Amino acid sequence: MILITRREQFSAAHRLFRNNWDDEKNLEAFGKCSNPNWHGHNYVLFVTVKGEINPETGFVVNIKKLSTIIKETVISKLDHKNINIDVDFMHGKLASTENLAIGIWDQLEPSISAIGIELHCIKIMETENNYIEYYGN
Amino acid sequence: MILITRREQFSAAHRLFRNNWDDEKNLEAFGKCSNPNWHGHNYVLFVTVKGEINPETGFVVNIKKLSTIIKETVISKLDHKNINIDVDFMHGKLASTENLAIGIWDQLEPSISAIGIELHCIKIMETENNYIEYYGN
Amino acid sequence: MILITRREQFSAAHRLFRNNWDDEKNLEAFGKCSNPNWHGHNYVLFVTVKGEINPETGFVVNIKKLSTIIKETVISKLDHKNINIDVDFMHGKLASTENLAIGIWDQLEPSISAIGIELHCIKIMETENNYIEYYGN
Amino acid sequence: MILITRREQFSAAHRLFRNNWDDEKNLEAFGKCSNPNWHGHNYVLFVTVKGEINPETGFVVNIKKLSTIIKETVISKLDHKNINIDVDFMHGKLASTENLAIGIWDQLEPSISAIGIELHCIKIMETENNYIEYYGN
Amino acid sequence: MILITRREQFSAAHRLFRNNWDDEKNLEAFGKCSNPNWHGHNYVLFVTVKGEINPETGFVVNIKKLSTIIKETVISKLDHKNINIDVDFMHGKLASTENLAIGIWDQLEPSISAIGIELHCIKIMETENNYIEYYGN
Amino acid sequence: MILITRREQFSAAHRLFRNNWDDEKNLEAFGKCSNPNWHGHNYVLFVTVKGEINPETGFVVNIKKLSTIIKETVISKLDHKNINIDVDFMHGKLASTENLAIGIWDQLEPSISAIGIELHCIKIMETENNYIEYYGN
């Protein structure tokens, strides 16, 4: 088995809260992440794919093409944006890193399979101390 | 000369824009950093101080005390906040990393001199590709 | 499958040696790691857990709670300590990173399952060039 | 299951191209990586092995011995070399990171099994944004 | 004083040797860096500039503009190139990191002063263990 | 002005305490760093030198020679050692990073000037959050 990973980054604002909870309950559940005026992160995204090596090129996938797919499909929607407000695929979801990882998987998966490789893992680092890995359902 | 540097971090939202400019002019001057719905970063702050070594302790300054001063004076005001809205010492200023560095210097300097050492440099990394260093006036 | 990882750190002294071996044999087996006067490291610990996303919070686990468990259960016992002498769960064991990873797993596992999630991996970096991953028995 | 990883590095030149393609077709397939005058990278290699803990030493494997095997078997052939020209185990292969990972696996595997442990993964970072992982056939 | 630093990267091949020395003498002076078939690095470039803060924008310089100047003036000439052969401003010079830093300074300085700021430092990391800083004559 | 920096590392144990203070007063002054059973760090050492570029080699100094001097003069005395007990040049001094930086400067300076270059700075990172820079008297 051979895996290829591409790292991309985006800087975004977000807030963790539930509309049907008051400020106090949001603060209790989400701590300072519930600040009504938002906060933000430099998110680091690792997209891992797998496939067979093409004997003509020695590549599983041209890393430039993979990078372009990631940028067009997800980074352009997330970078310098507000995850709660600006990002269509996050509407109606809590803006946790867990949900973001699943959202990015769902955005990327069709474009990845369309070029004959398989999406293996979405990893998102929210800070240098916290990260999420999602391997699909 | 001997210098001590303490690294701290904060995650914050911000936006670059001028009230007296329309959206188009803000976009031209600040690009995607002018997004009205905010974006954010994991800012990394390096505070460098200088002084004499205390022969009793071998320290220029107890790094724990320095860290506490930085956390109480600036990190508590910036972490998980909106720099434009929530941060008193940034009111009325453009939320650029340059102005943030100067603002942090002005916040920290009195507490640093009060313990008998000298503030030497404020360095802020906004992303792994961009950083500002401010050495005072 | 969704995984969450929290990074924590501790600085500790240790020594690799066997009481029933003489200095020469210890030196042969463990090299400079057998120095009788100890040496030390900044250990970096990655704790990975898995579970279902709570639809109310968007979290598998509140990362703050996970961090608190790790700090109370293992970091407080290891940070600024001597692994061979000060750490109860390492008594009678060789202070290798392998044994440390297993020891940390055994310390953490009950507290992790108690909050309804599953411990997946303990990773310890002893230096930037060496690390151990333990996935349980 | 317990895994040990050793990081090593090498700086090498390479070029991606096929002899049976003209310059234009090579440029189309490989982009700037096909530059006829070569380019190069600081490659970072992670070798992961697995095995049982030796109760006498607390080690799965002495990391120094593992490092020596990696240096003698692969780093000495790759560091400050041209992957296309100087490296025997890459002759006749496209110098992609995918093929390099497989080549390194094949070089290392016999020496790793010879000391009673199992090779688990070869990971190569070509840049901080791209890496390959190979787990054997 | 306020300084701004932009990080950029390039991957290039090079070789250290003198035409008027034979292979043996080159090997003695430059070690494995004299390999006739080239080797290469992921060079990391830090460009530091200084100036006054523009009160309209809060910027010393728009970091995007600075990045564009660096990419157009030096990265486009160096990335995926052979420093000895392909890079006009290095012709006739030994391809040491010292000379590269001076060469990059001389390339960048006119474009930097043209936008009203001052070039302060060129820093190049050849590997994570070695770097050069050049502050001009 | 042109500066060259070499990074080296060492793992060591230490303890901060004064013999003429009791345990309570040591704990008050040095916190957990006064643990009588020692603790330790992976120290990262940056040695910066300056000089003229040798036109024959393009080097201010052969980085390999600089590395050898650092390893022979200081790393061999510090790596896998106890700074308080094993390191001759630290005897009778508090094992703070400040004093260590000065001690390393005094060890290195004669060997650096002996090869016709000038020692400019000793930087020691004790953890990723704390570092000391010493520029000589």
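To keep things simple, chains are lettered A, B, C, D, E and F as they appear, and every chain counts its residues starting from 1.
As a convention for this text, contacts are C-beta pairs under 8 Å (C-beta built on N, C-alpha and C of every residue); 3 or more make two chains touch, one makes a residue touch a chain.
In this text, all values refer to a predicted model and were calculated from it rather than measured experimentally.
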Problem set entry | Set of chains whose contacts include both chain D and chain C | A
Exercise. If you tally contacting C-beta pairs, which pair wins, C-F or A-C?
Worked result: C-F
Exercise. Comparing centres built from CA atoms, which chain ends up most distant from chain B?
Worked result: D
For this session: Could you check which of E-F, D-E or C-D has the same interface as A-B, with more than half of the contact pairs identical by residue number?
Result: D-E
For this session: Tell me, please, which chain's centre (mean of its C-alpha atoms) is farthest from the centre of chain A?
Result: F
Exercise. Which integer distance in Å separates the CA centroid of chain A from that of chain D?
Worked result: 29
Exercise. For chain A, which residues are shared contacts with two or more other chains?
Worked result: 128
Exercise. Which chains are in touch, pair by pair?
Worked result: A-B, A-C, A-D, B-E, B-F, C-D, C-F, D-E, E-F
Exercise. In the complex formed with chain B, which residues of chain A make contact?
Worked result: 9, 11-14, 32-33, 35, 37-42, 79-82, 85-86, 127-128
For this session: Could you please specify the touching residues of chain D with respect to chain C in the complex?
Result: 1-8, 48, 53, 56-60, 62-64, 67
Seminar exercise, completed: Interface with chain F, chain E side, in the complex: residues 16, 18, 29-31, 93-96, 98-99, 101-102, 128-136
